[in-house]
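Going in written order, the chains are labelled A, B, C and D, and every chain counts its residues from 1.
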Amino acid sequence: MTAGSLVVIGAALGAGAGIAGAAMPKRSRAAAAAVLIWAACALEATTAVRVLATGHDVALHTGKLLPFTGINLVLTPLGALFVLLVALVAVPATLFGIGYARHAMDSRSAASAYPVFVTVMLLVPAAASVATFMVLWELMALVSLALVLVDHSRRAAARSAGTWYAVLTHVGAAAILTAFLILAAHSHGQTFSDLELHARAMAPDLRALVFLLALVGFGSKAGAVPFHVWLPKAHAEAPSPVSALMSGAMVALGIYGVVLVGDVLLGGGPMWWWLVVLVLGAASALYGSLHAANNQDLKRLLAYSTTDNIGLVLLALGASGVFNAIGHPRLGALSLVAALVILLNHALFKGALFLTTGSVQVAAGTRDLDDLGGLLRRMPQTGALFLVAAASICALPPLNGFVGEWLLFQSLLHGAHLGNTAGDIAIPIAVAALALTAGLTVAAFVKAAGIGFLGRPRSTGAEAATEVPATMRAGAGLLVASCVVAGVVPMVVVSSVGRAVRAVLPHTGARSLVRGVNLQLVGMKGALAPTILALAMTVAVVAAVALRRVASRRPASRVSEAWGCGRELVTARMQYTATSFAEPVQRVFDDVLRPVRDLDVSHVAESRYMVESATYRLTVEDRVELTLYLPVIRAVRRWGQAARRLQPGSVHRYLIYGLTALVVTLVAVAVLA
Amino acid sequence: MTSSTYASLLGLGAAVVLLCAVMTLWRRSVGAIVKVLAVQGVALAGVALSIGIDHHDATLAVVAVLVLAAKGVVVPTLITRVVRHDPASRETQPLVNVPASLVAAGALIFLAFAASRSVTALAPTATGRLIPYGVAAMLVGFFALATRRKAVSQIVGILLVDNGIALVAFLATAGVPLIVELGASLDVLLAVVVLQVLATQMRLRLGSLDLDQLSELRD
Amino acid sequence: MSAAHAAGVVGASAVQVIAVAAGGLVLLGFMRKVRARLEGRVGAPILQSLRDVRKLFRKERIRPDVATWIFPAAPVVLVATVAVAAVMTPLITTQPAMSGGSDLFVVVYLLLAGSTLLALAGMDAGTAFGGMGSSRAVMIGALAEPALLVTILALSVTTHSSNFPAIVRATLANPGLIASPARLFAVAALLIVIVAESGRLPVDNPSTHLELTMIHEAMILEYAGPDLAMVTLGEAMRLALLLGIFVNLVLPWGVATSTTALGLVVGLGALVAKIAVLGGALAFFEVFMAKLRLFRLPELMAGAFVMALLGVVSGLVVK
Amino acid sequence: MRLVASPRHADGLLVTGPVTRNMVGPLIKTLEATPHPRVVIAVGDCACDCGVFRGGYGVVGAVGDVIGVDVSIPGCPPDPTTIVEALRGITGR
């Protein structure tokens, strides 16, 4: 039972789940597919754990299936880490999907596409040749497109999201393919090991072209700033378990691509490459968090926060490249560990957030924050899960977000005084970007949690919300539990990431960061004791509760109306809404966001001075989309109109076009020959 | 079979194929055109047979018989069945009047010979020298396809192009492997069936097989 | 860790937490006294705030009808996070409990956790004021965060580590560091950020009654009795801790490097004296300062951020 | 004696002026919002017995008629020393 065959059986089970999803009757369809998906995830995860533990790769080559090149899969420790990441998000999302299927994802196509999506994502990190990688990459893109378009018939927004997603993903895929083809052209074979051997001998400007193409391609899949436009649209329209998988796992595969091409195939590179990645990361982090803080749609808010977290990962990746380029391999390894830890943690808490948002959408019928409110009382478990996940994305201490931010801050801090001018300028700006992003993320998620779950319900939907079925809560609960475990005991996460990094940057000799209970920086002063910190916090909370109980004489507490300056009627409309909550932050960043404000006042017929009603609407648009993408779309549409005149509709005209083309070529052949 | 008779037989077959292609431009009524198509099919089969015999290649002989059956007999009968149902499609008013199309056919033939000069220089064998005939037949067939109004004559145009290509295939590679030939002829059959269905539908919906009605379909 | 040592650490940290708590309340009373004296009033006795808290503990707890478990949890978590942060910071001695993991970054994020949950609790009652207070507090937090982290970078750059006791030990080792421009810029930026974090003038007026001008006060309008006592205690501890951090970074003399009894007493005395002086100065300036308009704050915060950035750059250049 | 921003933080309510029709609700709500043990102090004749406004169409009654009053300070207006004396009486200083 070689490990390779485990991978194959896993893939087969996944495909079987796909067929089961299509064939089984509606009621048991989700459950059957779920069981098979879990089996597939379990098999792939065991292989991945074996690879991480032993350190040497698992290879599998078959001539069949793909013509000419055949399939070859090699699971390196780096790939194994990402397979684990996908499995960690897929299992809870599928559990959530069982309950969710009764509401939204019940069509036959969705139930069969979802398992294929999970299986393909489990295989992408194992792909070891250009052909296998591109086939799996395209399959992943197409299946996820099908899942985004699940309810295109009901909502026009889903259709436009689908087109945006399709176009941008395939522009990215084209860039990736070109990069791989250039690499393959310079090496005899098309397996990644051949590419890696010959990549070093390539001309520097060609290597730069390959790196930039890969950065564009994988950056668009990861959702880095100029290419992030599809992310908020696609995630908002996709069903929740799918957007949890897309935001947690698929985006991470974009980062896997950058690391694969940048560090593994090209083996690092000149410093300016990684400064570009660092700047791209900082821009994505700032832009994403700014828009997350100013967005009222819960899923779009989460999608922008994905761009923000991916920005942080790219920031760490860029820093790691810069440190490697200026000859500090140990620091390079540390910031790569930070990048992958942030990515893994992001997959966990973002998955949990999307699942709980799905539960909110199922229970309250809407995901617009201005219509929610008071859900923590009506949906206690889902509300509590959302709050814990929101706390961990804000990087609050006992949870997993904090460990990632601490590692990134330490790597930037220790990289600050290396005497390299570019580094010395880039690092403080990176820290500033990291800090502002942290601040804005707190703003975004206090708004999301506070307006969404606390206070009075702002719509009848929110009023009538009740708790969702057990499987949905269990799915989200599984992810939140893993967030807490990864926060309190991060040794498991950091050591496995360390093993993957040691495989990617072998010569750095980066010994494991884990010292017993706490994380000790290797060769640098800096340590963190997350378990003791969590223990101290629990002891302190227990002590504080005891203090309050002991010191207060009157145990009974009285329930009374909230104090509204003695006003008689305290209604939900008196509360802050998401727009008003974000208004101070939006006003501070006014010139960056440039929101569209329109105020229309309708006066009483008799006199202009008496106002009948006034409506104020403020919308924050995505400036990158407006300035970069819309002009391109308008130009394409104009050329399209012009080209229409070529199509009068007469069959003869078209045939004559064909004939003239043939004649012209023959004339050319005759003349040239 | 002595080489000279073989060469002349080949020449005759290729010439007949080209002549038939030109004849379709010249004759106006669809019935005649279909008969010309049948003749072309037979000629093509003849060429294939002679090559098969010369190369003692049994598969090529089988292919020749197939071509004879398909292009010589089956396809023309199918088309005549469509034509018989629809009296209106008997005479065709081509987009380009007959003398102009004949001149154009001449130019196309000249172009075909000029373009394939390098090919013939490459293979000065008996078959190689005749390749321009196949290319010319294809070009003329394409011209016929582009300038006919009636759906049926369009079908004939497509078949002419296909026969031209088949001729070039036989001449150039001394016989196309059986599978490729089977595939090609299957395509042709399929095309004919589809077009036949299309024609009947057109007649039912539009009342006539005139292609100009199609231009209303543009949005 | 042997049991005796563990007991010692727990004992020391307990003492440090109680010192910060009591010290915080006394500091609050002292600052009110200084303000009163400057405004020509006699002012309440210094220990009044201690009595207030004791009285509040005895009052009745009131929970708004719409509130969830977050409402009572926020004061507890606020006090707990500040207590853990207090245990970690080298206020009296450079070997506080958990000194291995004692990191400026951790302290900052512990305080952030407390204030984030308080912002959430503000919105739990479902009134307009709670939402307003939280929205403004979160905006200021988002602006103060960059300045704070870059300040930590500036402080840590010169000593190659963000471990707090290490920084204090390094400053004690060569006092020249304090006069270095990097440290001066960082300290100035830190002062502005501390004023913003603890909600003192000119950022936020703690003794205002006009709801529309409140930031921190608006979030705790709903708290009564023991909850209010915990919040007041938490605020006082946070103020004392922030001033203690500031003082130990500016003039770390007196902080005990050894764990002898005498060293601890001297450390405690020095700490109290320094914080009293700084608290008095803060109160002194508050009398003459008016509250900044809410949307003038970004400029103040941007100023703090630039100063911290200058601190980092000069730290790198001077080295 | 410290003025606080919300009845939740207060120990006592200092009420002045007669209770008018539209202020009955807010007065009751404010009292209800104040945690026990609490004190209500009516300051001035208007608060104690409606003073000059007795019988006015908008006046519901004195503070005592609407909520229980613990200490009432007469005088129109009451002079500061009696107010201070009364308040000191409550705190027992």
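As a working rule, a contact is a pair of C-beta atoms (placed from the backbone, for glycine too) under 8 Å apart; a residue touches a chain by one contact, two chains touch by 3 or more.
All figures in this text were calculated on a predicted structure; none of them were measured in a lab.
Q: Using CA atoms only, can you tell me which chain is the most central one in this structure?
A: Smallest centre-to-centre distance to the global C-alpha mean: chain A.
Q: Using mean CA coordinates as chain centres, what's the subunit A-subunit C distance in Å?
A: Inter-chain centre distance comes to 35 Å.
Q: Rounded to a whole Å, what is the gap between the Cα centroids of subunit A and subunit B?
A: 58
Q: If you average the CA atoms of subunit B and of subunit D, how far apart do the two points sit, in angstrom?
A: Computed from C-alpha means, the inter-chain centre distance equals 110 Å.
Q: Report the inter-centroid distance (CA atoms only) between subunit B and subunit C in whole Å.
A: Using C-alpha averages as centres, the distance is 93 Å.
Q: Two or more other chains touching the same residue: where does that happen in subunit A?
A: Residues 554, 558, 560-561, 563, 565 of subunit A touch two or more partner chains.
Q: Indicate the residues of subunit C shared as contacts by at least two other chains.
A: Only 59-62, 211, 221-222, 225 qualify.
Q: Which subunit B residues reach two or more other chains?
A: Residues: none.
Q: Which chains touch which?
A: A-B, A-C, A-D, C-D
Q: List the residues on subunit D that touch subunit C in their complex, please.
A: Listed in rising order, the residues are 2-6, 8-9, 11, 33, 35-37.
Q: Can you list the residues on subunit A that touch subunit C in the complex?
A: 293, 373-374, 376-377, 383, 387, 391, 394-397, 402, 405-406, 409-410, 412-414, 416-417, 424, 428, 431-432, 434-436, 438-440, 442-443, 446-447, 449-451, 453-456, 518, 524-530, 532-533, 536-537, 540-541, 543-545, 547-548, 551-554, 556-565, 570, 572, 574-576, 580-585, 587-588
Q: If you look only at subunit C, which of its residues touch subunit D in the complex?
A: 44, 52, 55, 59-62, 208-209, 211, 214, 217, 221-225, 228
Q: Could you list, by residue number, the parts of subunit C that touch subunit A in their complex?
A: 54, 57-70, 75-77, 79-81, 83-84, 87, 98, 100-101, 103, 105-106, 109-110, 112-113, 116, 119-120, 122-128, 130-132, 134-136, 138-139, 141-150, 153, 156-157, 160-163, 166, 211, 221-222, 225-227, 229-230, 294-295, 298, 305, 309, 312-313, 315-316, 319
Q: For subunit D, which residues count as touching subunit A in their complex?
A: Touch list, subunit D to subunit A: 6-8, 25-27, 29-30, 32-33, 35-36.
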